[in-house]
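Following this line, the structures themselves.
Next, two complexes with chain A in common: one pairs it with chain B, the other with chain C.
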Partner chain A sequence: MFTELNVILGFDHLKPPKGQFVLISDSLTDGSFLIHHFLSLYIKGGWKVCLLALAQSFGHYNAVGQKLGVPLTQAREKGQLRFIDGLKCSLQMYTCAPQEGQGENPLRALRDKKATLRPLYDLVKTQICSEEGVLEGPTLLLVDDLSVLVSLGVSAKDVSDFMHYCRVLMCPTQQGYCRVLMCPTQQSQGAIVSLVHKDADVEDEENSTLFRHMAYHGTVHLAVEGLSSGYSRDVHGQSNLY
Partner chain B sequence: MLRGALCTTYCPEILKLATQSGIFVYRQPSWKRKYSPPQVGDSLFCGDNMAASTGKGGVTSFQKKSRTKTLQIPGTRPSSQGNQLLVSTGVPSLDHIIGGGIVVGTVLLVEEDSFGNYARLLMKYFMAEGIMTRHPLLLSSAELHPKQLLRDLPAPVSDDIGKAALHQEDVSSEKNVEKEATMKIAWRYQNLRTEQPELGAFSKFGHYYDLSKTMSSEMIDTAPSRLFYLPDELPLEEQGMWNSIRNPAYVKLLQSIQDVVREGQFDLTVPQPKDVSRTVLRIGLHSLGSPLWGEQDGGTSHDTSLPHFLHALRAVLRTSLTACLITIPTHLFQDMAFTRRLEKLCDSVIRLESFAGSEKEQNPAYKDYHGLLYIKQLSQANSLLSYMPDCNDFAFKLRRKKFAVEKLHLPPELQDSQQREQDDPVAALKTPSTGCFSTSGKSKLDF
Partner chain C sequence: MLQQVLEGTEASSIVVIEDCVDHDGRPVFHCFCSQLAKRCESVHLFHLENPAGVFLEGANISKVHIHDGFSDPLQWEEQNRDPSADKIDLVSAPDFLGHLKRTPVKTSLVAVVIDSLTPFLQNYPGYVICRALQRLLRARLESDGIEVSQVVAGFHGDLHDDSTAAALRHMATTWVQLQEGAESPTQGGTGFHGNCEVLHRRKSGKVIRQAEVYHISPQWSLTSRVQKTPVRPVAQVEQEAQVDPTANLTFNLRLTDTEKEARSRVVLPYMHHHRKKAPNKPAANPGGQIFYQPDDVDDFDEEDPDDDLDF
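Moving on, here comes the complex of A and B:
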């Protein structure tokens, strides 16, 4: 979609790079358009994509995907797209009685303060890995967005642990290797894109902790910011690349 | 059904005429219409691929093929961007600045002003619009009984609209009788509607209301509504005693929302029997998150029951035909970050800031208005980008009969303020209609 952005990042739109951990942060504006960008980029590139959708429903991604020329329903039927419906899990977790039905729910950490996000990790793993526990071909894990977990009461440390495990699963190269763009090694088959809200005008301790941890893991950091000069109709904000 | 029968008898005639004279045959919408289920109160059905654009008064039969199936529900309209259904908030000027209305399936959060008066007014408008468009209502409140809220809804401005709703069926049957006489020569105009206004009753989008009168109780009773009054639903002794993570009041509220959605067949995941026409459920949650709901600590200790409720509510809304208006007294929360999290979990957010009791009340720049309205975020559902308003400076004012939102304009010649201030009381005395309470407290020279 955004060809300039691909050029700047050095991402080939036909062959998206492997081993990347792309962190998107937004401040005073909404950065979810980049989620759609990467979703369409990697689907068009023929990757398998696992979309962990905590913020929106499948209908939303599908409607946007259609406008961008990426039919997600077909991709889902073909098995190219694996969709984890976080909204539904959250609703189940909210309405079920305390005893029943908690065993399977990947988000049981929302109810039980002692539980961690391990079931969610297990679910992601079963969705994208073969039985031996390795990735089948190039796979992208897309998380939209991590701040929802923090809002729902999961501690930043748990979220950070979860993402650390995911990173080890998806891009098991060393940090130093990853930092060089366009340098996929043999092992790393995956990539991660995730979104964190980091508003500059309020002090949200948990979110900024989470952001710092993610920035540490990340290989590419895209910061979307509202204009400091105020609202404008035609220019929605600026984005920085770190 | 009647129209369907009519067109089967009529179609061969079109063909015959066409072959004789060799003219081009248009595809009339009626070819498809006979397969479509009849719509109550609406002679046009947009569910076909052939959008019935003739209804807009256009004469041409060439039509743009609409890409997606859109539901045609009274009181809704598709958004300008495309595949979204909007319902009106009841305040046309507010609809305009938030991109046409509330997108069905999303939440509009109103952050209350410090006394909550204007937010309550918006809630009343939202409910009144629901009654006028025959949408079922769900209203919850913890302080004021929802019945009381419903009792003083603003009355719709023109009475003939209300009457038209009652006489709807008579008119439409008369119209069908008229239509029996088929046109022989100008057959192309056969399927045009004869007149528009009879639709106006409840398929119209957005009505005008008069705040000085209240809606009649018969009218209110026509709307199916479910009222949720917290002390009735959950006895007080159970409210305070929660030690789990979830606040039982919110759980109860969500359960009753789910029940209404299920029973009223608003759920889009469940296939619908053909003979029932769809409609939109309007949910109004008044003063959610106030201390009466059990938010004791003002959000300081990151109580997660309200965010979790909103997240679960979003899951319910996205799969059903519902539009939701929530007012939250966010000024009671000490932690700004908590407010921000709530905002991120709602779709559209506006904040009201009333001048009452603040310094701005005295400010000559604001003397025409009663408060400011900030658009914090707008719904992004089903699109990459939310609607972008032209500017972000809005103010609202409350007249004797209506509430309106306007672009904020500064009065001219503000710089020579000393002279102006002397003039002001005189001007206010000359035109008493503008002397609302916000300006009257301003000078000692008054009386």
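Moving on, here comes the complex of A and C:
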């Protein structure tokens, strides 16, 4: 899937992105197809994936994965795929009473304004890292998607702090603007792919601030947008690579 | 001016590099790190947004002291915390001078590079950061054991409000606002280039503002020159292709030269034709004269001709 995109980005299932923070933004279209692309890319390559799902359930990713020829249920049973059901956690925060275990919910920042997303980061770290706290081989952290957190009331600063720590965990020596100069042996073993919505017709200052924060963190920006000429049946949109 | 500030020929105590999402300031920042490591005795790098290695490529690392605010700025990694390591955290108010004083090797003239001010500004008000920067510049060798020659700080203009930017701009002696993005290097490429606006305040009080073009070589040396405003040619009125209404018609609307001359000689009605009449003949209606012949009973009062005023 999307072999041309892999060629342009310079990575495929045999050579997964390392030390990269790929930011996907979509405007007036749905960019989640790239989430499925990276998910299937890594699973096919046999690498480890941690999927932090805030927008969809496991069944959705599994259904799409099966169409792409990537059985996610088996990958999850083997331990290759670590699935964090953020959707369920966020629902529990709003439906369960405080004494019914909200204290252990990684998304307690949704109800407690003083709390941060540190519990969520700790959960991600325990899913990905070994007991020594280091990555075991190339690992991908997929976040789908960050705009949900802002929509649920988490501030852009808290989300940015969370992603900063994820970035330090996954790609501490990330390749930046001087990637052609850095020694390849210094590459991190991890990579991050996250999705942020950036709809041009919606005035959401908090979401725009979040996007800008992520743009500073990211090393690659894939901007997916609808065609400027309007809706087309055959061509769904265009994507720009920064 | 940017090149002069970078090389030290133009003195500047605080340099702020303002960038935004579209215009990456890290290459310019990198040049400052590299150049300061050459001309200063010691450089203190406070890195919070990028790993230190990003800015140390090509720099004399022995002169650089790294203050790590990148790996654990909010103290979420308790088990990995090394109390002996000098780490920056955003939990307590920024104290740049305190970190400088804690370094084991104390030199007299140091440069401080901060990447960037944004994490501090997100956790503390602007005046707290300004105060911490002022304390840095006021440090003296006799009292503090250290003297700061230059502070270079990054600032993301699109993440903060105008009041914060204004406060920092007021404090900075040189403000570099990037206006055109530095392009990514290609394999074996020629480096970066872009445009910027430099606002520089000299100690004499003179303020210099100029638009410049800069180029960064792969060895991280920066050259800049004043951007010349393109000389615009005299505005030539472009004659739009006039649509000829008489073209492509089945009938003729054009006039020959004799017909045009005859048309110019046509006498229009209701216009005065004085030159055609005898010059000594008076005009038919020279302006309307009123001839008043009063009767015997008329009592014409100049001051009250209508006889309706009652004084």
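Note that the second predicted complex is superposed on the first by the 225 of 242 C-alpha atoms of A that agree within 3 Å, B and C clash if a C-alpha of one lies under 4 Å from a C-alpha of the other, contacts with A are read in each partner's own complex, and residues count from 1 in each chain.
The definition used in the following text is that contacts are C-beta pairs under 8 Å (C-beta built on N, C-alpha and C of every residue); 3 or more make two chains touch, one makes a residue touch a chain.
Because the structure is a prediction, the values reported are computed rather than measured.
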Touching partner for A:153 - first (chain B), second (chain C), both, neither: first
Which of chain B and chain C A:197 touches, first, second, both or neither: first
Chain A residues touched - chain C or chain B, whichever exceeds: B
Which of chain B and chain C A:36 touches, first, second, both or neither: first
Partner chain in contact with A:59 - chain B first, chain C second, else both or neither: first
First (chain B), second (chain C), both or neither touched by A:110: first
Residues on chain A lying within both footprints (that of chain B and that of chain C): none
Of all residues in chain A, those that touch chain C in their complex: 116, 118, 121-122, 133, 157, 160-161, 164-165, 168, 172-174, 176-178, 180-182, 186, 209, 212-213, 215-216
In the complex with chain A, residue positions of chain B that touch it: 83, 244-246, 251, 254-255, 258, 302, 304, 307-309, 311-312, 314-316, 318-319, 336-337, 339-341, 344-345, 377, 380-386, 388-392
Chain C residues touching chain A - in the complex, by the definition given at the top: 21, 24, 26-27, 30, 49-51, 53-54, 57, 70-74, 76, 79-80, 122, 156, 158-159, 182, 184-185, 187-189, 218
Complex contact set, residues of chain A against chain B: 30, 32-33, 36, 56-57, 59-60, 63-64, 67-68, 87-88, 90-91, 93-95, 98, 110-111, 113, 147-148, 150-153, 197, 199, 201-207, 230-231, 233, 236
